[in-house]
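Order of writing sets the labels: A, B, C and D. Residues in every chain begin at 1.
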């Protein structure tokens, strides 16, 4: 099965998730990177990025990375997600999620995401999530 | 230390998180329930509520339940969150999160949240999260 | 499908896991309780019960609680487990795990376990785990 | 602060955990690898390695990797551990855990472990765990 290309993914994503505010940053050989602009409504007291903003980035990154491998099936569903928050994000920088596949089975796929504030290579969060893959 | 009352929490919450779309539904003896209206932008293909919407509800429920015990300190921060998605939510119903404290330590607090679609008592998601408590 | 009885489970368990050191304490309507004697080799510096001892109890409790519902299929396999350690266990007391089912699907089942030191009703650990159910 | 050497760690480990059956395989610049022989009692029906055996390896790998950085304090305690089981382990091979630090804070440290059956570079499990660091 040929992998989904970055262009095909962008077309799919803007059609299925017209309100999503993620940019496909890179489709590398073994990882996918997505970027999200941090908006005022994503901030928390103390000028930090909210946990749910990072969790949304993680969830989306895993979804796209799995779909790149299995094809553009909209109905893959998250079954579990675990997030560890590691450092305070920078309020006025975009956040980036870099996702790798840990397992691609017939019914379950597992991905791992490391999240960064742009311009700093120390991770701000790390997430592992499982998606169920619908039967063909 | 006296617990924070529902009224005090509502005042704090609308001051610190003016954009939040949660309603404090109940302050029971051993649990806190919050409600969130599901908006069009919270939906995913197939007419289901997005994972990040439920994760945001879980995170907020734990935050409020811990703050009820320790007092209204805005800077408590999530250190980890684990979510299991259990059943397909109903698209046109509010979601409710019921949170109980599992541990209230000096530096860490752990809460457990069960999430429901309104009107159905089978959980749609379950989450456990840890907050770090800032030193006084 | 009739639920597996406590006697049937005990027979299955001693046949399939002859070295396991768990006792089926209670089969209640909506929960299963198992007990484990804490041995010297389960202790850690400071006189506390090791994390892996509690994780093993959690994993086993979820396994038995799911098998009670789906029947005695030895090959159900854990796909993920999340544990939060809440309080220091008591070194010279047995530990007890009380498990409830959160979801019983066709391919995945999710259970939640609360772990106690005997004689203290404050939980020492809490765990959520997912098992994949083999096709019939 | 100078890092703990492999020899110092081995001496500490055999003194504090005389019954542990782990071997320190490698102390690399940014990771620690430990090895565990799989014994008959670690196997499950179907000839696979039990989940708790892998969880014990993960927990130990994170503990050692953190102690290498903070010094040999026996009382660091696991606060949470999340494990995803990815592939069936090989019954007659040792298992190896490779751990990297994700965060080393003043009160919490987070490590990530990838677990392999010897001789196969596809991971059999992946774990993220948090330890609380005792005050000096």
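Simple rule for what comes next: a residue touches a chain if its C-beta (ideal position, glycine included) is under 8 Å from a C-beta of that chain, and two chains touch if they have at least 3 such contacts.
All values reported here derive from a predicted model rather than from experimental measurement.
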Pair sharing more residue contacts (C-beta pairs) when A-C is set against B-C: B-C
Rigid-body rotation angle, chain D and chain C, from Cα fit (steps of 5°): 180
Chain whose mean Cα position lies farthest from chain D: B
Equivalent interface positions on chain A and chain D, same or different at half: same
Centroid spacing, where centroids are CA-atom means, of chain C and chain D in whole angstrom: 23
Rounded Å distance between chain B and chain C, as computed from the means of their C-alpha atoms: 27
Between chain C and chain A, distance of the C-alpha-averaged centres to the nearest whole Å: 33
Per-residue multi-chain contacts in chain C, two or more chains: 79-80, 82, 84, 130
Footprint of chain D on chain C - complex, ascending: 16, 19, 41, 45-46, 48, 50-52, 55-56, 59, 74-75, 77-85, 88
Touch list for chain C against partner chain B, complex: 82, 84, 86-87, 102-103, 110, 112, 123, 126, 128, 130
Of all residues in chain D, those that touch chain B in their complex: 79-80, 82, 107-108, 130, 132
